[in-house]
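Multiple structures are listed underneath, in structure tokens.
Next come two complexes built around chain A: one with chain B, the other with chain C.
Showing the complex of A and B:
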């Protein structure tokens, strides 16, 4: 009972700031000093639904980039997490620091050094380039989360599976991945969320040619039309909330300590 | 039950393995032959390299020197999953996301055995390890002994030719351990799989195994039937590991053993320097002087419930004698100790004489 009250307070606390956004998004005419808009308007909703609209294509771009970044960050970060979590080796602290450096150093600083390479290899102004640069802030998180999971993983399970006739890929599929499922779900959520809300890296590498939702939001927010800005903002906020809710429901009950993304 | 494939002879030849960070080799020129269908205990103190040896047979490790042969084929180039082996570890390692039945059927699933056949063989196996109807339970609902039985069933279900067990019962309490030994013996006899069982428990090795391979310092010290370790130890170290407390250095000359105790009659002894090995329970306290009896003073008598351990000092040598608890042996008494020639062994001194000329 007390628990559900706590959760309720939390949900209200998190969601309240979105109420004005919601109101803005549907407002037509709204003058000082009235508390609520005088007229409602569907302009915001239309903007999102209109076929061929900038916002829809931004949504698709954001989802594409986010999905690609998630897959690649898992593919790159999980083996690194395995190495850090399972084995102790010389220079481990240094490797750990280097892997985490992008999460510590501001992305902008990293980027100014690497942008020249993106230009040289024709990756600037392309979705591929944006995906690649989003790996900089995401891989460290994937590595951290999976390293923690691997530190609690008994490789005896893998040896046992091999001695029962499982080939390495079968071991991965039937033993290792199921054991790491909660951590991988959390790591994937992190990767997607970071990519989803990334702005600076996208602007610099995408060069305006890759229009993700955060970029569109920025453009609309600078314009005069707050209704449109609020509508895009809601669109930007909703998927992460849904994602976190979905993931946290599917996590096993006792995985709360896993970087705080426990079941709600 | 499906007919099991013929058990395989296993031959380990001159295996050497040194771990990268370690100075001393973990396995140092180890050779061992396992007859098909037998249960061999690989016995040794912790750190002697017995688990490493098991992993070499399994293919989890690759030796730097030597060969592992199943039958007449070398399996060195074969990865673990393609060797006809199954292994049970010290920890049960049941996959937590699978039911008991799916755990047992894991190896069959990896080999793409059809579901209905899998189901039947899993049920047969669970019956064999005396857990009928446990297929739908979750691994975490089982007790420690049940977990290890499921692990055994899971290993046996694929009809391995070679079964490897790495101290599988050492985390169970004593009573359960005995039951599990009986069960393993039963299963192993039923299936007739060539089995290598690692243990540090001398009693477990003797009770369970057809033959015992004693491993010390990375190599096999002695390999033979359990009885041989008590009656005919081949080295001083083997004798000592099996509790032969009385080991006296000397020399065999003309069929008699000359040492600090005097001249003793011995049987089947090789001429030259050696050690007389006598277990405390074969020595007898005796009154008068007779053949092979030495005179000494009782310096200690420790009551052990079913026996008394008596220490008799003869000159500079201490002999340990086990007597029934009803016998009264006051400390300080002069007694004779009879050393029966047929129950003692003389171990010839080794060329490098690892044990030195000293006495024990």
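Showing the complex of A and C:
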């Protein structure tokens, strides 16, 4: 009995904040003090789908940045995960600290000092600059997840493939990558989600010229059109929920990677 | 951990140190240049260095100015209060929820999924939901109106854009409770049941089992997650910007505001605030890694 009360409180507490968001997204008019909207409308959905709208171009920008960040973070972070997971070497603790600290130390506090250099070297206000700065919070997660996977990886398989005459790229494609597939999927999801949710680093380096969805939502949340804000919020929240549902059963038991979800 | 790679010499190719160096090079150059370099540049700029400008000189004025700045002083109180209360709230609720879910048999997978649903929600969205829920014309205010407790929006307490940071704390607790809870759940499923059974057989009561078996087992996860929650909430920008008032504002909000000031003279102070945030959180990271290391050693 006491337990079911607890479960009830938990479910209500977790789900209540979703309620006004869902209702606002489909309401045409919802004035205070009414508990329910005076009018329902599909205007929110229409605003999202409108050709040439800010939201659509924001969606394209977010997807572009997210895809580029995911590919680059995997390319940069996975080798480091291999080094940390497979070898023990002098200075490993320091390397681990440097590579993992950006996952925890607030990016804004550290990157504020770089903005003037991004400006100077023409990377500010550009998608390239935003992708670059998104690598700072994403590479640590890729390294963390792949290091855990490499720690359980038997390099003997690679060596056997080499002995059988496989070239290095063939070994990578037919041995290493398949063995790491679950970890790489989790790492890729984290990289994409972190980039997809990032706000302040995008503002700092993108300077408002790179309008990702979080930037648009930020502006709408301060505006008067709450239906638009709620609709964009749902657009922003749907891919992460779907992605996490898809990869959650592949999440390693080691809780380290979950750390990533804390900062989204 | 490293045995397999160390034991077998590569048939041909690079020596081991060069191999490790090459593997680490891309990540270290990105993170090293941007993160370590960025921090160094922030420290230099907080001490007076002005890149691409003439006539700057080293000084600690920015720190003195920040220390005496009423906006910063008010901000330190708000930021510490919000981070501490959010951390305590998320930790207590997260542990309680994890214990509850761990003991629930019926529909546990569904319950876990519902509990974890705020995890992937971006904080900008979380801030908007709290605005729609807690503002003076928000859903909660409409409920109190319907119940006859308040008559107008102004009679509903200001929970957003307030001086205390109620909505900011609410958003952090909503987002971070599942984070703590999911990590603690993972620790609980690593064999706590057998230990509890053993303690029960030996005659330990419910509270005794909680205190002497369950809590020690989850303590490292709790410690680590609370450090992470504190670090995150201390340096986060968008939630306090959207849900807080203009004065006092959270430290990261003040820092970015000064950085964007048309008067470039405010920049060193912005950098000084950033350096203080980064150093404080980096100290916490060291504590965090020490906690994890100690835990790992104890388990092995």
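The rule we apply is simple: the second predicted complex is superposed on the first by the 227 of 264 C-alpha atoms of A that agree within 3 Å, B and C clash if a C-alpha of one lies under 4 Å from a C-alpha of the other, contacts with A are read in each partner's own complex, and residues count from 1 in each chain.
In this text, contacts are C-beta pairs under 8 Å (C-beta built on N, C-alpha and C of every residue); 3 or more make two chains touch, one makes a residue touch a chain.
All of these numbers come straight from a predicted model, not from anything done at the bench.
> When the two structures are overlaid on chain A, which partner does A:94 contact: first (chain B), second (chain C), both, or neither?
In the superposition, A:94 contacts neither chain B nor chain C.
> Please indicate which partner A:179 is in contact with in the superposed arrangement: first for chain B, second for chain C, both, or neither.
First partner only, chain B.
> With the two complexes superposed on chain A, say which partner A:12 touches: chain B (first), chain C (second), both, or neither.
neither
> Looking at A:169 after the superposition, I want to know if it touches chain B, chain C, both of them or none. Which is it: first, second, both, neither?
neither
> Taking the superposition on A as described, I'd like to know which of chain B and chain C A:156 touches: first, second, both or neither.
both
> One more residue to check, A:224. First (chain B), second (chain C), both or neither?
Once the two structures are laid over each other on A, A:224 reaches no partner at all.
> Tell me which of chain B and chain C touches more residues of chain A.
C
> If you stack the two complexes on chain A, which partner ends up touching A:140: first (chain B), second (chain C), both, or neither?
Only chain C is touched by A:140; chain B is not.
> Taking the two structures together, which residues of chain A meet both chain B and chain C?
154, 156, 159, 162-163
> Chain C touches which residues of chain A in the complex?
Residues 3, 6-7, 10-11, 13-21, 24, 32-35, 75-77, 79-80, 82-83, 85-89, 95-102, 104-117, 120, 132-133, 135-136, 139-140, 143, 151, 153-156, 159, 162-163, 193, 196-197, 199-200, 203-204, 214, 217-218, 221-222, 226, 229-230, 233, 236-237, 240-241, 243-245, 248, 253, 255, 258-259, 261-264.
> Considering the complex alone, what residue numbers of chain C touch chain A?
By the definition above, chain C touches chain A via 1-2, 4-6, 8, 11, 16-17, 20, 22-28, 30-32, 34-45, 51-52, 96-97, 100-101, 103-104, 111, 113-133, 137-139, 141-143, 145-146, 153, 174, 176, 178-179, 182-183, 186-187, 190, 221, 225, 228-229, 231-232, 234-238, 242, 252, 255-256, 259, 270-271, 274-275, 277-278, 281-282, 284-286, 288-289.
> What part of chain B is in contact with chain A in the complex they form?
Going by the criterion above, the answer is residues 58, 60, 79-82, 85-87, 89, 91, 93, 95-97, 106-107, 109-111, 154-155, 158, 164.
> Along chain A, where are the residues that touch chain B in the complex?
154, 156-157, 159-167, 170, 174-175, 178-179
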